[in-house]
Every structure is written in C-alpha cells, then in structure tokens.
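The structure under discussion appears below in the form of structure tokens.
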Amino acid sequence: MADSRFFSRKGPFSVAQIAELTGADVVNAPDRDRVFDDVSPLQNADSTILSFFDNRKYIDAFINSKAGACFVRPEFADRAPKDMVLFTTNDPYRAYAKAATAFYPFETGNGSISEFAVVDPSAKLGKGVQVDAGAVIGANCEIGDGTIIEANAVIGKGVVIGAGCRIGANASISHSLIGNLCLIYPGARIGQDGFGFAMGPQGHVKVPQLGRVVIGNDVEVGSNSTIDRGAGPDTVIGNGCRIDNLVQIGHNVEMGMGCVIVSQVGISGSTKLGNFVVLAGQAGITGHLEIGDGAKVAAQSGVMKNIGPGETVGGSPAVPVMEYHKQTVALSRLIRKKK
Amino acid sequence: MADSRFFSRKGPFSVAQIAELTGADVVNAPDRDRVFDDVSPLQNADSTILSFFDNRKYIDAFINSKAGACFVRPEFADRAPKDMVLFTTNDPYRAYAKAATAFYPFETGNGSISEFAVVDPSAKLGKGVQVDAGAVIGANCEIGDGTIIEANAVIGKGVVIGAGCRIGANASISHSLIGNLCLIYPGARIGQDGFGFAMGPQGHVKVPQLGRVVIGNDVEVGSNSTIDRGAGPDTVIGNGCRIDNLVQIGHNVEMGMGCVIVSQVGISGSTKLGNFVVLAGQAGITGHLEIGDGAKVAAQSGVMKNIGPGETVGGSPAVPVMEYHKQTVALSRLIRKKK
Amino acid sequence: MADSRFFSRKGPFSVAQIAELTGADVVNAPDRDRVFDDVSPLQNADSTILSFFDNRKYIDAFINSKAGACFVRPEFADRAPKDMVLFTTNDPYRAYAKAATAFYPFETGNGSISEFAVVDPSAKLGKGVQVDAGAVIGANCEIGDGTIIEANAVIGKGVVIGAGCRIGANASISHSLIGNLCLIYPGARIGQDGFGFAMGPQGHVKVPQLGRVVIGNDVEVGSNSTIDRGAGPDTVIGNGCRIDNLVQIGHNVEMGMGCVIVSQVGISGSTKLGNFVVLAGQAGITGHLEIGDGAKVAAQSGVMKNIGPGETVGGSPAVPVMEYHKQTVALSRLIRKKK
C-alpha cells in the first residue's frame, strides 16, 4: 500500500469500472460489482488488490500471488491462481497504467499562488494555476490552466507553458514554448544558450544563440536533464516524447513524436530524430545526423553516422546490432584462441 | 593552509592527542606534547603541519617533505626525513581523515531558521536544525536534530530526514525517508517519479510511481545526482553508501551497505546491488540484475548480466576483467599484424 | 528573426561597420553604407540579413541563399549568388560571432537588487551588479561590476566573483574564486566537497576537503555541470575554458587555458590538463593523469594513461586515434570472415 504521507488514493473501483476504464476483458469474475481497494505489484498483493503480470521473468510471482485481480495476457490466463479475477489484454502494463491512474490521479493545480512566490505582474496565469513558494515567474510569461509551478522553479521572461503541466522544484526554463500536459522534472534546465562558439588559439568567441526550445504536448523531461535552445533555428521536441534524467540535448536538435530517450544519453547539436526513436541509456549521438523513424540505439552506443528508419544499432562506433553482437562474439573467441 | 574565508580551524593537537584520535603508533617523537597546527598535503607542509603518505606514486614528495609529522605505513618509516614525527598505521589515509576532521570538524546546524525560509507549520524540526534562506519545507516533514537545510533546497511534504544531515543548496527531495548523518549535495534530486510508462505507437501512458526512496544512515548523494522513487516497491540505499556526482539511480533499485558509486554511473530500474559493491565512473548497469557483494565494475563498463559476489568485470558488454584485458591486448595485436 | 519575446536587437549596421567590427574584407559591395537589419542562418535569410557559410556540408544552402550578405572563405566567393555582399575571411564563423554579438549584445547587470533576493549585509557588490529574485548571497562575498546573479542562485559565504559574469538560475557556488566575464549556467554546482574518503569494510571515512575552486577569466561552465573543490590543493580552471553541460570535474583537477570540455565528460581527481585540450562528449579521464597541450580525446573514450602534447586518442581504453580506427576496421573484418 502506498505510503499515505505521500500519496492519496481514490476508489475503490469495481470489476465493471476497471473493465470500462481499461478496455480489458473480464475473466473469472462471478461478481462484477466486487471492488478493489488499491493497486500493487504481485508480490505484496492481497485479495483486495489489483495487480498486473507483464514480464515473464516474474511468472512465479504471478502463479503464487494472492492478488484479488490481475491484468494479464490471455495466453497466461490458465496459469493464474484459482480465485484471481483476470483482466485479459494484450498490453497488461498499459491497462495497469490506466487503472493505477484512476486510484492515484495526477495532481493538477489547486489555484493557490504562494505568498512566497514572485510572479511578475505582467505574467498571465490561467485558471487553477498553482505557484509554490520561492518560484519565480518572469515578465510576460503565459501559464496555461491547471499547471503547477513547484517550489523554487524559475520561469524566465516571455516563456509560454501550456495547460496541465507540472514544472518541478528548482527547474529553470527560459526562451521556451512548452505545450500542454508536459512534466518537467526537478532541476531540468531548458532554454539556456547552447555550446556555440568559434574556437581558435587566440580564444573562443561566443556566438549568440538566437533560437528557442519548442516542446510539444505530453512531453516529459527528466530530473537534471538539459535542453539548450537553438542557435538560430529552434530546438524542437515533438509530442509524446519521454526524456529521462541527466540527458543532454544540444542546440538545434529536432525530435519527432514519441521518442524515448533513456538516462544519461547525449545528443549533439543539429541532429534530427524521426518519430518513435529509442535511445537507450548513456548512448551518444554526434551532431548533424539524421536518425530515422523507429530507429533504436543500444545502451552506451556511439552513433557517428545516419541511421535509417527502423534500424537498430549498437557499439561505439555504432554498427547494425547484429554486426555488433558478432563483433562481441568474435572478440571473445579471439582471446580463447590466444590462451 | 586552508583559506580562512571558507574554513575555520580547531587545534592545535599534540602528538599524544593525534595518536589517541587515530589509533596510530607514534615513532620518532621525543616530545609527546609537541603540537601541530594544521593538516596539508606533503608538498606544502612545514614543521607545524601533519600530513600523510599513502600513494606510492608520491614517494619523492614524502622523502623530501618538510612536514613536521606524517601518517605512514610501517614499511615506509625508514624512508622518512630525519626529523619527521611518524604515526605508523596500515591505513594512513583513514587515520589522516580522522585527524583532519579534528582540525576541521563537519558543521552541524546552529538552530537558526532564516526569516526567508518557508517552513510549513506542521513540519517538526528537531533541536539545532538550521534552515537557510529560500529553503522550503513542506507539510508534515520531520527533520532530525542538528540537520542543516541549505539555501533554496526544497523538501516535499511528508519527507523524513534524520539527525546530523546536510541537505545541499538547491537540492530537492520528495517521497523519501532519509536516515541520520547523510550528506545530500547541492542539486541532488531524490524521490521524483521514475521513468515508468507503458510504451506504444498510440502514445506512452504514464504509470503512477507509488513507492518511496528509503536511504539509510551515513549516506552521501553527490551533486546533481538523481534517485527516482520506487514504482511500487521502494528504491533503497543502504547504510554507508557513497554516491558521487551526476549519478542516475532508477526506480526500485536496491543497494546494500557501503557501496561506492562513482560519478556519472547509471543504474537502471529494479537492479539490486549487494554490500560494498564498487561501480567506477560512467559505468552503466541494465535493469533487473543482481550484483553480488563486493563486486567491482570498471569505468565505462556496460553490465548486462548478473555479477557474482567478489567478481570484477570490465568492458561493454562487461566480461570478467581478465578477459576484458585480454580482449584489449588481442585487439591491439590484431592491428599490428595488419600493418 | 529572433523571437522578440526573448531577444532584443540592436542595429542596423552598415557594410563599413560590419567590416570594421570583424576585420573581414568586403567584396561585391557597391554601397558601403548599405545596412543590414539582422543575422540568421542561410536558409531563412532575405536581402536585409547578414549570414555566414562555414561548413561545406551546407554549400547548397549558400549557393541558393537569398541572404543580403554573408561571411565566407575567399575560396568560396565565386560560388556566391550574384547580388550577395561578401565579407571574406579565413574564419567566417568567428567573424559571424562578432557581428551577431553587435546585433544581440550580451546583457550585463542593470544594478537592480530584487527585494526578494537575500544579500548578506557584509557582501560587497560592485557597480551595476544585478541580483534577481530568490538569489541568496552569503557573508563576505565579493561580486564584481556588472555581474548578474540570476533567480534562486546561491552564492556561499566568502565566494569571490569577478566583473561581467552571469551566474545562472538555481546555480550554487561555494568555496570558490571566479574571474571576470565568466558564464556559469543554470544548475551548475561549483565548490562543494569532492568524493574524498578512506574506504574500508568497517565503513568509509570522509576526508575534509580543504581546497577551493579557482576559475580564471572568460570561462563557461555549462548547465548542471559539477566542479568539486580541491582536497588540499585547489581545483583550477584556466582562462578561456569552455565546459559544456553535465560535465563532472573532480577535486584537484587542473586545466590550462582554452580547454574545450564537451557534454557529459568526466575528469577524475588530480588529473592535469594542459592548454587547449579538447575532450569530446562522454569521454572519461582517470585520476592522477597528465594530458598535454593541444591533446584531443574522441567522444566516449576512456583515458587511462598520460597523453602527450598534440596527441589525439580514441577508444576505451584509449589508444592513439589511428590505432583506434584500425581496431574498428579490424573488428569489422573479423566478423566478415566468420560469416
């Protein structure tokens, strides 16, 4: 059960309600009005709990679970404990996400502006906007309905933030236009000028960075990640992108829809990603590249060439992933011979 | 000598006091009441100074040092300058740490709550708690005796922090229980929700993250490091762990006692580390792994499989360290042949 | 054209003024009094715009540009569109940097101290120093003329910052001496104590870190980068260095003049860099090394040995770059044989 110091729960929800919320099929539920009080992982669940089984690695936990109900793929339904109510679906984790959000809805702004916040009189705040203590909002900012600006966040002059967003504690945003329903985590840095200068032995001369950061709707930017504004063009993050913690995104980078950028990835300036690109943890992408739709980059890879749509690469320098695996095998054979 | 703008010194301490503080044996000290005024590295030391010699690389500095006294391993005692007082011990650096801490004790809270801090009336602050300007402490927080909350730090509602801790400037903590004597460095992010969502071409659906971060006693979390809270279970950091700067720790990670996590390491979700595990800089660990007690991972390694207790691995993908060294050698031979 | 919500423009500037500002030669300009209104990349430029052509990759954009004027190398002058005014120079990007800075000058402090800032009465602020809301400046700090301290930044006691600097939002600085004309980006952490402790199975004992961070003139430290103070000696950053985002610099590191440290690089304790060293993205450098003047380290390299002046290395572990390329080729040949 989630710690009530930190979480407040809605519900309970009935079998029928859960089915409707998630679109899952109900199996083994004699009573459609039976309610569940909470969600939790399989291991800790009891008969009042709704859980999910998605990663086969945890099949034993599923078989032995005391959970009252579970989201599960249809093909595993016959492995379930006898009395478990089953919600079958091809994407149990997605169904669980929706149900869990019903029990623990995301907060939206409560309309309070802390007396310890500093909001420029020219800023336009929508309905329900919440500004916590120590937050600073600059001249001519526009903040959409229901957005929360957490404590000690700093929003620079002219920044536009859509509705239903949450800007985390101690984050700072400047020179940016941000869509609706975005989550900017604590300590994220968005819109500062990029690493642009003319190098030379007589000193490096800074180049004014005259673009912005433009972020779509439903985007997450993780804790302490950094997104530099464009040098002339904008830095662009498409709708639905998920950016994890400690990620670096250079100036002029463009990212399509639904990209997933895992922790500690670095994307150098002017590189363009298509839609639904996945970059695994600690990967690095050189500047001025094009990464096609649906491309995948393995963890710690170093990408130095364009990647076509749908391709998967690995290694540093990165090569097609099958080649990368063969290299790994060849290398391990090589030393076996030398023994 | 440490810059008095930043540091204030105690002492002097006598030979006898230093021996008692550190447990070292005294050699070559005709006068046990002789005092030393300060600590410093060998190079800059004069006869009033206590120093240490630990890394053989610096033996010349030891032989030529003007330091009045020095912690040293017994086997190097006969290389010391003629008049140097020696404190012999098998761990000179540890002895030095204790002595240096006597000269420069760690600060604890002075009991002042800045009039520019924002402390929720329901928060419970222990004796001597110090809250600096701009810090924000949420509802129902509990802060133990002598803890310092530095300027512009943000402590979310319900967070529990033990005694004798220091929470650095601009750090933010939510959904967390933290033990005694912990140092959380500036800009660290602890307790935000992890990178949890159900991926899909129709959009990524966020999964509520219902766990906490639970940190033991005597833990350090470096500057701008990020520790996400658990998804259902907690993220757990054991007693005595040392986490360097810019480290990422994913949701549900569990870490035993005394682990050392060097800068820019990333640990993916649900991975479990035993006790006294060492991860060197920029290493990355995939999710859902088990890393045994005392395991060591070389810098920049990419760990994709479980590691047994006491094993040392290197490379990306990581292999046993001897194998990794052989691979490196084999690769360099390979190109010599091709010339 | 730069978004006027975020940028304010000076000018226009005439052909003659631009030539004088930048030292470029004027070609194809019948009217030296003709003025240009703004700067922009080649693609978006019209006849009122000054642009630049530097990267051959974009030659088509140059040939087809509608820009009124352009900085260009002399050897490309004859590829220019017929009516384009040309400013020829061997370093078009540097000339553009200077011209763009005339149109968009860097801000300096406006002399306002926000009523919501907290400045210790003992701090000495120069002329024109600007302190934004929520910034906290400790006892005995000295801040030079025209420096800007952005919102919610924290400057610890005794810190000295030169003239014409900008300290970004939510940055924190302690135990440091910083020169003139430095840009410290949002969220940077400078001067906290380094990762220094005596390890041992009975627990890790913290070692007091008694040095400082000493930063020269004209230095940039990127967003969320971390620079730990020295353990006894200082951590030193030379004049003109450029440090990108999310970089880690360990205690006692020394860096000469004009070094360029790209995003997510980590430099371990006590390593010394000469002048004009370049470390590309995500490279890692072990502690206690010497990296010679002008050395270059490829992205993601892992440097474990000293590097001589002018050398270029790559790979992990890093080897001379030609060797690294041969290794990459050899590895790809190896798997071709195995097919």
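Each chain gets a letter, A, B and C, in the order it is written, and its residues are counted from 1.
The rule is short, and it goes like this: a contact is a pair of C-beta atoms (placed from the backbone, for glycine too) under 8 Å apart; a residue touches a chain by one contact, two chains touch by 3 or more.
Predicted model, so just to flag it, every value in this text is computed and none were measured.
K.L.:
So subunit B and subunit C: same face meeting same face, with over half the numbers shared, or different?
P.N.:
Here the answer is different, because the shared fraction of interface numbers falls below one half.
K.L.:
Quick one: superpose subunit A on subunit B by CA and send over the rotation angle as a multiple of 5°.
P.N.:
120
K.L.:
Cα centroid separation between subunit B and subunit C, in whole Å?
P.N.:
Comparing mean C-alpha positions, subunit C is 29 Å from subunit B.
K.L.:
Using the touch rule from the top of the page, what residues of subunit B touch 2 or more other chains?
P.N.:
Residues 134, 152, 170, 187, 224, 246, 264, 282, 300, 316, 331, 334.
K.L.:
Can you check the complex and tell me which residues of subunit A touch subunit C?
P.N.:
So the residues of subunit A in touch with subunit C come to 118, 134, 136, 140, 152, 154, 156-158, 170-172, 174-175, 187, 189, 192, 195, 197-201, 203-208, 210-212, 224, 226, 228, 231-233, 246, 248, 250, 264, 266, 268, 282, 284, 286, 288, 300, 302, 316-317, 319, 323, 326-327, 330-331, 334.
K.L.:
Where on subunit C does subunit A make contact in their complex?
P.N.:
2-3, 5-7, 39-41, 44, 55, 57, 91, 93-94, 96-98, 100-101, 103-104, 106, 114, 116, 132-134, 150-152, 168-170, 183, 185-187, 218, 220, 222-224, 240, 242, 244-246, 258, 260, 262-264, 276, 281-282, 299-300, 316, 328, 331-332, 334-335, 338
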